[in-house]
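What follows are several structures.
Both of the next two complexes hold chain A, though its partner changes from chain B to chain C.
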Partner chain A sequence: MVKMSTVSTKELIHAYVQLSGKLRENFNELRSQAKETLDNCPFPTKKDEEWRFTDLKSITSNKFESVDTSVAQANLELDEFHLPEAMNSRLVFIDGNFSPSHSAIEGMPDGVIVGNISDFAEHEQLLSHLGTITNYEDDVFVPLNDVNFQDGTFIYVPKETVIEQPIHILNVFTHRNNPHFVTPRVLFVGEMFSKATIIEEHIGLSDNVYLNVPVNEFRLYSGAHVHHARIQRDSKNASHISRPVAMLDAHAEYHSYTICLGSKLFRNEPRVIQNAEEVDFTVDGLVLIDGEQIADTHSIMDHRFSHGNSHQLHKVVVNDQAHSIFNGKIFVAKDAQKIDSFQENRNLLISDSGKVNTKPQLEIFADDVRCSHGATIGQLQDEEVFYLQSRGLTEQKSRELLVYAFALESVESMAVKSVEELLLKEVIAYTNRD
Partner chain B sequence: MLEIRNLHAVVEGEELEILKGVNLSVNKGEIHAIMGPNGSGKSTLSKVVSGHPEYEVTEGTIMFEGEDITDMDADERAHLGLFLAFQYPVEVPGITNKTLLREAYNTIARANEREELDPLEFEDYLVSKLEIIEMKDEFLNRSINTGFSGGEKKKNEIFQMAVLNPRLSFLDETDSGLDIDALKVVSDGVNKIASPENAIVMITHYQRLLNYIKPDFVHVMMNGKIVKSGDISLAEELEANGYDQMQKELA
Partner chain C sequence: MSEETKALESMIGEEYKYGFTTDVEYEDFPKGISEDIIRELSSRKEEPEWMLEFRLKSYRAWLEMEEPEWFNATYTKPDFENLLYYSAPKKRPSLDSLDDVDPNIRETYEKLGIPLEEQKMLAGVAVDAVFDSVSVFTSFKEKLAEAGVIFCSISEAIKEHPDLVKKYMGSVIPARDNFYAALNSAVFSDGSFCYIPKNTACPMELSTYFRINNMESGQFERTLIIAEEGASVSYLEGCTAPMYDENQLHAAVVELIALDHADIKYSTIQNWYSGDENGKGGIYNFVTKRGICKGNHSKISWTQLETGSAVTLKYPSVILQGDHSIGEFYSVAVTTKKQQADTGTKMIHLGKNTRSTIISKGISAGESNNSYRGEVKIGKKATGSKNYSVCDSMLIGQSCGAHTFPYISSENASSSVEHEATTSRVGEEQIFYLMQRGISEQDAISMIINGFVKDVLKELPLEFAVEANKLLDIKLEGSVG
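Here is the complex of A and B:
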């Protein structure tokens, strides 16, 4: 008999107990509401429908503490992670703490804000947006972030303003002996017809245990355009639970690409909300996992108004005993006509013991829409391998090349050249690891 | 160059024999044609010789350039200079012709202790081969066979053959599905590649191809065996009387 105990979030997050008496002093309303939710909401288990395939052992078997912020990391060498396109548009967070000495923000257009959330705590735009679109049901992770975050990214792009250079949000995790948890936060507000590209990266420098719980809020007003790449290269023993939400007004475009390479457990719940007519968005993903990694994507494309286009290509390569889970929901509200939504989940299993669960889920209440979805689970075709081998390539090289080709499509859509190159290297490293 | 003796083969894990004792000798500078009706085993022969893992040799040997290649992997056979032009070239989205060919060329060069070509040298080398099949540069940067027409796929096989410069090539029904213009381009290409230093075995159902590529020897394959060998007049006889007539004569 497996004994399923109800783990309280309090027990789990040791530091939260310490915090329970005294909340951080800014954003009081958000934090006290979140605390109330944490007090009442149990930690999820496999009994919950939304978590039934996802093994949370890598979280529940640890006690996580919050990070001691007094340890200075100013001398940490991070040059190798800098993007040449973003040398003057970079925010760096080390174990969740903003590092001004590693960051560089220069030459932004008038009125643009790119900075640390805690430096703008009284800013009208920040106060009026923070926490307004992250309404996950029966959820402990957003509240955990709400209660705990201190530093984070605040980006405000005024009307008709274009930020040419990509903004690089670099979250670095150093080696620490005790399991700790970190709650990165991003709030992006794009006013009418603004335009920006965001590269959000999570990099574990060691193989230690930590819990990374990022929450992203992207509010795009009419005609705003955003490209958002998320690259997860956490420690192979880390757990990463992500909540990125975007809300789009008329004619806004939001294109997101999530690349999952690291962490023992990855649970990503991207949501895009169509908040007015005529929007266009992408929720693509590439997952490359091996060993005993678990990568779980639960996404929602939420069409609440008419004339929306959405597109999701979620590609997965599973090696060894790794496990991929995909649950892609497309919602179309009753009067949201003329929606064109496309979802595809393609899985490539390259080991005998890997595992894939995939579930497209369409809930459509309008009658004049075009929504399609597809899911495939395949292995490399013998005929393809033979074809390459007959040209002189070894079997191993042929297989590597085919996996590389499978993954490539997702990488080529990156808006930033150096990110594309970085990912190509990662794909090659993944495919010739033996 | 190639010496096939009493070759028997089955589909891996099955009992039914598809090749039932094939004997064939091919020497440097020769062009052979193997003709036969559907299901005679002629395509299987080309796959078994090139090392397709789907087939298992149950008896007999394949000697190539003095080495027993019967149990070799396909890539090792390619390193020795064996090439198969596929009847149904495989589409490989995401890998360009150029990428495959450079990897293949350099792998074969390494295996033979020849010098590899760097990307620029290789580009020049590739472009110099394009004229053989009358293709444009952009052909190099397209994903292998992806979205190609039937004719383009066959041309691509001959292009790969030109680039890899094999000692012995099996052309498996390279003529099938080609219109007359494409057939001319493909045949011209093969004729340009053919030399006293290499050898070619064409596998075909129809005599049509032999109007463009003149074989030194013609073999007829039926029911898993080569049943008759001769010169071009054998192909003419087949064209005139058909396979049925020959089967009756042999019986």
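Here is the complex of A and C:
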């Protein structure tokens, strides 16, 4: 359906749309609006305040082509990535294409939809929600996803319905010789008092170059409850630019945990919008990077109404020449009283050539609120290392153990046992790399 | 609102009617800015050739620069062609006795607890024989000279100490540094020059000096303070009494240089006219202040109490170049009515084992916006460095805003940075607790606010700390509760 197109990255998006000649045939309004944005919006550079610390070289120095959507690799062996808790609630996308043979959706409660977006293109709930809350300013990446996505995840949970098993969204990237870009999409609609757990994974099977631009939309109506874990294990040469947005109505709860392990460049811009009174949300993150990795999180906790609780713990370990960037914004609108918001960014810089930039940011327009943030950049305490050594551990082991302990806090919040175990292994692999 | 508060508010809000009439002395000087104007300005000030060159170079740099817009404030940009860039020292109104002074102003003085004789000085009353300011002034001058301290106007320093000025002016804040610093470098009117020789503790706080000889230096003030090896000095600019000025734009430049083991403490109290209830009028306070800890074990400390001005953009910074050097920033910024303040600091750690502390307290009331913007940067070679920052905001009322923009970065594995910020309000429980101990609501609020800013005000020179507290009370009177 779509021609292969090679584009110079700076005009990556423009060229893509132009070369392909026409837009994809469904969601016409969304796509043509997105195309218009792409035509007018320049690619970000370090001169933009929001991008000033982020080196985009790994995108701009490559030519990415779009992936032919008609071929899915049915014979790929992916069993090792399956979660035992989600054997019957799994959606698999290979290089962005939905793979029915790898996926398994069975035994869902009545009325629940878990499936491929393109199979539900005419669904009323999908049409009325798609693209409604992803309004990023001066942004090219959501529009890129908008014009390009074909397959994706659509989850609809009806009123007062609880999905017991976690839903596993597995994005796998195979080895391809040419750099390519992929635009995974997730649309989640949770009706009143529904409940679900989502595990979203991005796994690079090789070390090839690609650009992964996922967009997530989570619309939670009154009393809906979602636990959302995002695990990024992209190829070490990939670039991952993601935009997860959640909008919450009264008494909704949304708890998200983003774990960044892979990719050369990671830029995550989570946003949670409080759309009514009385909500509760978490935007936690754990970043473990080394080599020449760059991990950048720009989050927004947007309190537009009264009585909201929000919490953010963003933990980072930086080794080698890696570079971590954090900008966490807490907005409290005028008259959004009684907000209790807390943000914490802890950076552990364990190499002399690593670099950390952090900018916690408060913008408060209501007086009766409690908002605070803390940011630290530091190292392991000599006393702590000494204490462990005095118990008979080598210095190396002591340090590994302390880094492990530092990362543990974020991992323990995972609601799914096998994910927690998987992450513990990843943490150990990161700390004991020698 | 009490009668008293009304009177005060009208005093703070109203245009100043007394004195400071248009000066005839500079009527012949044309408005606007050009190379010719700068040449004329320089020749009137009888400056040497190199100074003119410095000004012209800065002017050319300024022409190429764009007015910055990144800060969290909106205002009408000044019309640079309509400004007057040369001003002779101001003529003070001459009144016969304190009874002639505007009663509202006197009330403020009394509330601030300014001694009677000083009130006269500030109000421009001819001073009687009992309080001979000239003799006090002279004895101070002698004392300073004895110690070898050079303390004079920058114009005088350009003529008398050209080597020092040439060496240090523009070394911390180069003309190209930013738009307003470039403008200042081109057209600065006057300011202070201070040189403390080797191993000398300045025999008096230079703040005291200003209490007696309240200097006025016009809208483009330039200050240069140099502390030689082992020298120390404490300097205070500004005044708690409300200051009125017909110049809307104030773009000052302050440069501090601390060599090995030197110690400079710079305190500011700023209470310029902040505009009326609707945000009309008021001073734009766009100041570039920066100090460099050039030597090992040197220390620079900034303390500021910012209560005035319609728009304040000000980031007193320290470059920690010498090993083991220390930078400090203590700030209280209060905004009421429609005031906008975007203020904070930069701590640039370059030397080994450098330390910096930032304590910033913002209080917003009325419809004002108060932003803390700061940068802490720990360079690759600044091993073993530490920073500790706290910035707390307090909101009073439902139409104001508080913002924090701290930029933090570190590039080595032996340094640590700690930053924390909170936003809160005067707690109902706190007020209740104090009131049930028999304290009135207004006093309770005032106590809570004073407690909130205590960490900063204790850094002010003693004689100002008390006044500063009272100034806060006056400023916030009527806005709480």
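The criterion applied here is as follows: the second predicted complex is superposed on the first by the 414 of 434 C-alpha atoms of A that agree within 3 Å, B and C clash if a C-alpha of one lies under 4 Å from a C-alpha of the other, contacts with A are read in each partner's own complex, and residues count from 1 in each chain.
Operating definition for what follows: a residue touches a chain if its C-beta (ideal position, glycine included) is under 8 Å from a C-beta of that chain, and two chains touch if they have at least 3 such contacts.
Predicted model only: the values in this text are computed from it and were never measured.
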| item | value |
| --- | --- |
| Overlay on chain A: chain C relative to chain B, clash or fit | fit |
| Comparison of chain B and chain C by chain A residues contacted | C |
| Which of chain B and chain C A:I364 touches, first, second, both or neither | second |
| Which superposed partner A:Y404 touches (first chain B, second chain C, both, neither) | first |
| Partner chain(s) touched by A:E122 [first = chain B, second = chain C, both, neither] | neither |
| Touching partner for A:E77 - first (chain B), second (chain C), both, neither | neither |
| Chain C, chain A and chain B - angle at the middle CA centre, rounded to the nearest 10 degrees | 70 |
| Partner chain in contact with A:R391 - chain B first, chain C second, else both or neither | first |
| First, second, both or neither for A:T376, with chain B first and chain C second | second |
| Gap in Å between nearest CA atoms once chain C and chain B share a frame through chain A | 14 |
| Common ground on chain A, meaning residues reached by chain C in one complex and by chain B in the other | none |
| Touching residues on chain B, where the partner in the complex is chain A | 50-54, 73-75, 77-79, 83-84, 86, 89-90, 92-95, 99-101, 103-105, 107-108, 111, 143, 160, 164 |
| Chain A contact footprint on chain C (complex, rising order) | 70, 378, 380, 393, 395-425 |
| Residue ranges of chain A in contact with chain C within the complex | 49, 53, 334-335, 347, 349-379 |
| Residues of chain A touching chain B in the complex | 381-384, 386-395, 397-398, 401-402, 404-406, 408-409 |
